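A short write-up of the structure that comes next.
Chain nomenclature is as follows: A, B, C and D, assigned in order of appearance, with residue numbering initiated at 1 for each chain independently.
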Amino acid sequence: MEDKVLDKALRDIEAYYRTQGMARALGFGKRPAVLVIDFQKGITDPERPAGCHLDAEIEHTVRLLDVARKKDVPVFFFVIAYDRSLLDGGLLVKKVPTLARFVAGSDDVQLDPRLTPGPNEPVFAKQYGSCFFGTPLASSLTALNVDTVILTGCITSGCVRATAHDALQHGFRPMLPRECVGDRARIPHEVNLMDIQARIGDVLPLSAVLTHIEQGESA
Amino acid sequence: MEDKVLDKALRDIEAYYRTQGMARALGFGKRPAVLVIDFQKGITDPERPAGCHLDAEIEHTVRLLDVARKKDVPVFFFVIAYDRSLLDGGLLVKKVPTLARFVAGSDDVQLDPRLTPGPNEPVFAKQYGSCFFGTPLASSLTALNVDTVILTGCITSGCVRATAHDALQHGFRPMLPRECVGDRARIPHEVNLMDIQARIGDVLPLSAVLTHIEQGESA
Amino acid sequence: MEDKVLDKALRDIEAYYRTQGMARALGFGKRPAVLVIDFQKGITDPERPAGCHLDAEIEHTVRLLDVARKKDVPVFFFVIAYDRSLLDGGLLVKKVPTLARFVAGSDDVQLDPRLTPGPNEPVFAKQYGSCFFGTPLASSLTALNVDTVILTGCITSGCVRATAHDALQHGFRPMLPRECVGDRARIPHEVNLMDIQARIGDVLPLSAVLTHIEQGESA
Amino acid sequence: MEDKVLDKALRDIEAYYRTQGMARALGFGKRPAVLVIDFQKGITDPERPAGCHLDAEIEHTVRLLDVARKKDVPVFFFVIAYDRSLLDGGLLVKKVPTLARFVAGSDDVQLDPRLTPGPNEPVFAKQYGSCFFGTPLASSLTALNVDTVILTGCITSGCVRATAHDALQHGFRPMLPRECVGDRARIPHEVNLMDIQARIGDVLPLSAVLTHIEQGESA
């Protein structure tokens, strides 16, 4: 399918959504945090069984982190990791068996080496799509008075969408710098970004997110 | 965009997903329940501001409910409904302002009249996309020893997908009879069904779901 | 058991807790809300089967609400209410069968008439002990940038403690004005307040809470 | 305070509760799991700053585990463990600063050596009181069709009560073998067990739990 055919169709749907009272901008709140989702070796190395090409998205995320750290914006990293029993993976590891590779302690669950957490930037293990599910993330954000989450990482149609949806449900503003999220395939990437913009959060150019952070007060 | 162009592209992506260890069948468990999502007048009446065309999906759901009730399968109905303060709608009513119409007690939050809950079939009010979020649904299902949820209703790319995702996260098998779920637009409908089949639950023909229920023991 | 014997024993335990690194003050955050828990006719009318004596606690809560409203502090009311199927009550209505009386729409689930919600003060139905469980409360608080919850209502050893515990777990500071929470029996009331002070939230005299609110900026 | 004075007072309250329609037995369901709560060196070694005396409770738990494993009852272990940033501890580590000792990887978060998990018995890290909060436990139990949780560990008035309460809220039957749960102090131990029996779960002699498991079918 030609890219411009899909793009035209999606722009038409977006216009229709707006006439239905959907797809309004949420805007940034007062205090953002950055969530870096599943940029772990087992996914970011295209040579591995569940890997795909995410070099550009990682590079853009590194740039975002540089700016965020200068303004003391909290950063949380997430990796998918399971107990060797896989009992913490519930039904998900049955639906998506490739995830069973991601056993805690294995190389596949290490962060991509281009990303280096600072001493106050935790790496949370998660077992499901949403970074909020089965983790204390919402509590940590609330305790920090965070009201906005800037989402980066992969996969747009999987864990990124799930995290954006849970962020909104939990009362946090989900902001997605488009260049910082990636997927295995173009159609689900574009359609999920449209869905997110329509009903979940704001999809923005990275430049707009950087400008917002740079203009903000230090936390 | 021509339907067959999209269909061909999605089938190619599905084939790729299967080579990556995704999109396995979960299968039914031992005890299903049916969830009927957001078939309320404000959405199912195409003349209303947030309405769309869902007649076929409702008709198929009515057929499913007839079969389910003969086998004592529990049924739960859901409608979106807010307090007049809208404080229970959090950020969602800002992102999707049309939802602010759905105030508890108004006609828009009444079930579509083609659906009639039985005396043991509760109608749960919900405020967010997922039927599990901000409701005691998961607890009720667990207390009934339910392990499988058959999802019907609308909108595929909104509340249906959100509910399917949360069902899987909570440990329930999400089964979607394709004819019973509907959307405002074809592309997000088809792409979200592909996403669900790839990583969340099983998308099946209604006939397969009916056969499974009919062959099951009474609860 | 004589009151002073229990009091002495509890003060000794508290002193021991402090030597173990427990029972520190959390303090107020920047933006409080008041939660009024289960002051509904079926509980506050001592003539009814599940009723008990709570007149003083209601009177103190009314005084707190007067002060809170002058400072635009958000107020949320909660009542226990079930669908007639009781399916939303899960196992709790089996453990505590008296709760099965509290069917939505019945007089038992009406707020005590001494409490009158304002137009922007929602009444949330809840089915379990914690006001956070099976409700969108945490999301509403986060969307309002609330970081502190002042708890009033009943029963100290039941829904009040459960709500305090979930507040802390969700990242909100639980503050309990001692005069505003009540119980059916003195021993569980006092011991649960000690437990809360030790590991969950701050138990304060009402006067301290009023002073804090009065000195705060309007929201 | 003399033990028999407290006991007499608590039995009187229990009798009153029963006249109010509280404190019914839930009974076992069809498929139990055992949860072992916070038996980690930092708590079970009385020489350490947050330690206390729990030898008898551990011994009784070991006996329970022996019987459970013969019947293939699933077992889950829990330890409190935080990221070095303590950001996953939210407000709890401020209220109870002694918990800040329990950093992931430190000796304090190792299981007591008298407890040895089998290869299919996961050890879940938790950050809050309830084993269900911020963990995927409920999902794992549901995916295993577990409907009953047998609770052992410490502290009765802290993490054990919180876990029992959340178990009931999530739809699982909480069963507490009295000999297998322990506390730092007698009064909160006894009063919390009374609270649990009144409104949360069933408090039983260990012998009754062992008999039930031994008579059950293998899973």
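Going forward, contacts are C-beta pairs under 8 Å (C-beta built on N, C-alpha and C of every residue); 3 or more make two chains touch, one makes a residue touch a chain.
These numbers were taken from a predicted model, which means no experiment stands behind them.
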Can you list every chain in contact with both subunit A and subunit B?
C, D
When every step has to jump to a touching chain, what is the lowest number of steps that links subunit B to subunit D?
1
Name whichever of A-D and A-C has more C-beta pairs touching across its two chains.
A-D
Note: subunit D sits from subunit A at a C-alpha centroid distance in Å of 35
How many Å are there between the centre of subunit C and the centre of subunit D, using C-alpha atoms for each centre?
25
Can you pull out the residues of subunit C that are in contact with at least two other chains?
90-91, 128, 133-134, 139-140, 142-143, 169, 171-172
So, in the complex, the side of subunit A touching subunit D is made of residues 74, 76, 83-85, 87-88, 90-91, 119-124, 127-128, 133-136, 139-140, 142-144
What does subunit A use to touch subunit C in their complex?
29-30, 138-143, 145, 147, 169-172
For subunit B, which residues count as touching subunit A in their complex?
1, 5-6, 8-10, 13, 16-17, 20-24, 26, 49-50, 90-92, 94-99, 128-130, 133-134, 157-158, 162, 165, 168-169, 171-173, 184-185, 187-188, 191-192, 194-195, 198-201
